[in-house]
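Both complexes shown next keep chain A, but they swap its partner, so chain B is in the first and chain C is in the second.
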Partner chain A sequence: MSGMILTLDKVCKSYRNFALRDVSFTLPRGYIMGFVGENGAGKTTTIRCILGSTRTESGSISVFGKDSRTEPVAVRSRIGAVYDTLMFAGHLRLSEVEAHLRRFYPEWDSRQFRTFADRFRLPEKTKCGKYSRGMQMKLMLSAALSHHAELLILDEPTAGLDPVARDELLEILSEYIAGGEGSVLFSTHITADVERIADYVTVLHKGRVWFTGAKDDLMEEYAVVQRGEPFPQPLRDACIGLHDTPSGCAAILPTDRLTELPKDAIFEPAKIEDLLVYLAKGGE
Partner chain B sequence: MKILLKNRSDVPIYSQVEEQIRSQILSGELPEGTQLPSIRQLARDLKISVVTTTRIYNDLTEEGFLQSVAGKGCFVAPRDNDLLRERMLSEMESGLEQAVRCGVKCGMDDQALHDALQTMIDGLREEGSI
Partner chain C sequence: MRSVLNVMAMDYYNVRRRALVLLLLSWLVIVPVSVIVYPAASAAIIPFGGILALLPPGIEDKNKLGRLYETLPMRRKDLICGRFLALWLVTLASSIAAYLIGMLALNLHVFAKLGIGSYAVIVRAQAHNRTVAYVCSRLFLLTCLIIGFLLLLSYLLERHRERVVIVTLLLIFLGIMLLFVPNSWFVRLIETLIRADNVLFLQDVVIYETVMYLLGTAALVLFGALTLVFTGRREWK
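The block that comes next holds the complex of A and B.
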């Protein structure tokens, strides 16, 4: 399994109102995986399990071939993490943030951090709590990229970013994996970002993995189908998120069932956003 | 090599890139032996996935447009005239099929279709474009 940088095997974790069940997926070295799913699907919980900030009940997580439970420090120091909200104390200035990080990461690279800070034009004198959302993300990203991390984990990094900052982020991620050594796992609601740069996609739905694999496969395996009349059986049972309205019905259908569609139906390739929307409408 | 991607196109990214590389090879803009960027470089330049880029190079290699040399990278393959001919023929057939379908839809019979084809040939020959 040396080619795998991250392996989750049947990870379970339950809270009072919510449970992750048998979450399994793998991410090979040198690739980007998009992690998508409706709000509350379990993306952040899964990420917290990988980062070791919450304990799993069963199942295993291996990062760089190490068990994240038995070697949490070795694992954590080689992961760069970016969260959707600032993880540094708001009163710190750039150089103070760096001083903290330097103590935490044995592999800390000051020059690298300065290079990114310059590139992103992070202000020196402003307290980081006063940074704009885009600046805060860039600060976290600079930190994540400055200790020779081999795995970047980003939780909703594009949330609240303007299109320019989003594009910059995607550029950095492409750049990061170009060498073939680093991998990226990023959760997002902005599925257009995933559609463009992700190599692999994991779709989480109600705490379970609904799909995991190559993004191109996902986008070829499902189609959005529509018809003025209801879909006949047994096709109807194969429909995901079927909804009928007086003006017609629509659903997601695996592409290998398209041949059974009545002639008056229309279909188009499903985008990831379509899949999420239809899944939320009642797919299991 | 120039690649322009349409994000809002219905044509998937991989076919857009494949089609552009193919046409640049066929037109001679990318001559035989030209080295293409590495898979990871191209993915980064276009901000598309590495897996998609790998597929693009594999498809074009299988079709005979590219040649990969272990340890060196991907190059434009020597021009294979049989391959070119086959491609042209298949393009001709699909164009013809579309023409016939359109003609039949507007009620043309066999004779009318034949006549239209002959008129087209005569017209093109007259203007000297074939």
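The block that comes next holds the complex of A and C.
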């Protein structure tokens, strides 16, 4: 497991109305993992467990070979995190944000921060609370990339961004992993971004890992199937998110069961978005 | 310790503008009063200094900074220690500043220059009794007790910080009510404290002041320790 930058093994965490159950996945060094799931699936809770800011009930989490629960300071100093909303006090200006953060990171690189700030055209004099949503994301990204983080954790960073800003973000992430040393855990609802950039995908559903592995494997393992008539009973049991449509019924089916499909059924490779939608419609 | 200092620096950047406004406003009123009217009034800047330590939790709530804190390489206990240490430092610094302003006011003899004879008598009395130092040390203790307790309360009620004001007002109301109950334990406690205060002050002024500063510091250590015990292992909000 030496090539793994992040390993979660059977992590459990319960809240009153929600529980993460046996969450396990690994992220190799130098790759991007898309972390997807419906609202409330447990993505942010998992991220908080990785950061060591939430206590888990069982299981283990290894980041850079260290346990983030017992060594949060050492682990977090090598992680850059970007959330969906501004993480800094809104009245701070660019230089104050830097002054704010640089003391915490022994590896802080002011020149790098300035380079990103110039590249993203972040205004020096404006309070960061007044930045546009895209600018705020770029500011958080500049901060996350300025201490030579080995793992970037992004929690819904593209939410509310226009396509141009999303494209820029994905470009930066591609540059970041090009060196082969950094990895990215990229939680998002916008599955098109994951399909475009991720090497691995972990699908979280109702607090459990539904799939984890290479993105291509996921897309090869499942297909969207449709038929004007109901599916035969043995196949119905294998269907995920089977539901009626105006033209009959539709579901997700593992590709190894496609040979059992009646001849009048049609199928196409499943996209990640299809999987999420069908899972939400009743898959377990 | 490095993380604790980092927290203090971070809070400084977060509050410095508001702190400057608060300090300027309080000093603009208090310093002239101290110089022209009553030298020991300079001690009023001490609680204003202490109040500065309550600004970071407010800014944390407003900006939802818990999300930032959980990503920074620090522990929750560093944040709590940093905030109590900052409270002690600003209160001590305000106390020293208040003492210096008060002594300066005493030595400027503005009252005499303005021809206010009765004030000149007060000034002489104050110089004799070390009133400025006495008031400063006493307000240092009170500020540590009150602001330290409020800081503890703000962590205990972290998820409902708006309730801190309500709880504080209820406690004050309860305290006042208890004062009206004859021979209650609360009245006896207050009387004992006042007696001890007088005895100590009459014995030796320097020892009295030292005890006040030590008690204030001990109160903050106690409140800080209680905050750590009750909230140190909580998850970030």
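Here is the rule we go by: the second predicted complex is superposed on the first by the 282 of 284 C-alpha atoms of A that agree within 3 Å, B and C clash if a C-alpha of one lies under 4 Å from a C-alpha of the other, contacts with A are read in each partner's own complex, and residues count from 1 in each chain.
We take it that a contact is a pair of C-beta atoms (placed from the backbone, for glycine too) under 8 Å apart; a residue touches a chain by one contact, two chains touch by 3 or more.
This is a predicted model, so every value here is computed, not measured.
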### Task
Kindly classify A:199 by the partners it touches after superposition: chain B alone (first), chain C alone (second), both, or neither?
first
### Message
Quick one: is A:90 in contact with chain B, with chain C, with both, or with neither? Answer first, second, both or neither.
### Response
second
### Query
Looking at the overlay, does A:31 come into contact with chain B only (first), chain C only (second), both, or neither?
first
### Message
By the touch definition at the top of the document, which applies to A:59: first (chain B), second (chain C), both, or neither?
### Response
neither
### Touched partner set for A:175, first chain B, second chain C, both or neither
first
### Query
When the two structures are overlaid on chain A, which partner does A:134 contact: first (chain B), second (chain C), both, or neither?
neither
### Task
State whether A:104 touches chain B only (first), chain C only (second), both chains, or neither.
second
### Query
Which partner, chain B or chain C, is in contact with more residues of chain A?
C
## Note on the structure
The shared contact residues of chain A with chain B and chain C are none
### Task
Using the touch definition up top, name the residues of chain A that touch chain C in the complex.
48, 51, 53-55, 72-77, 79, 81, 83, 85-92, 96, 99-101, 103-105, 129
### Query
Which positions of chain B touch chain A when the two form their complex?
7, 10, 12-14, 40-41, 43-44, 47-52, 55
#### Entry: Touching residues (chain side chain C, partner chain A) in the complex
3, 5-6, 9-10, 13-14, 17, 59, 62-65, 67-68, 70-75, 233, 235-236
### Partner chain B, residues of chain A touching it in the complex
30-32, 170-171, 174-175, 177-180, 196-200, 214-216, 219, 268-269
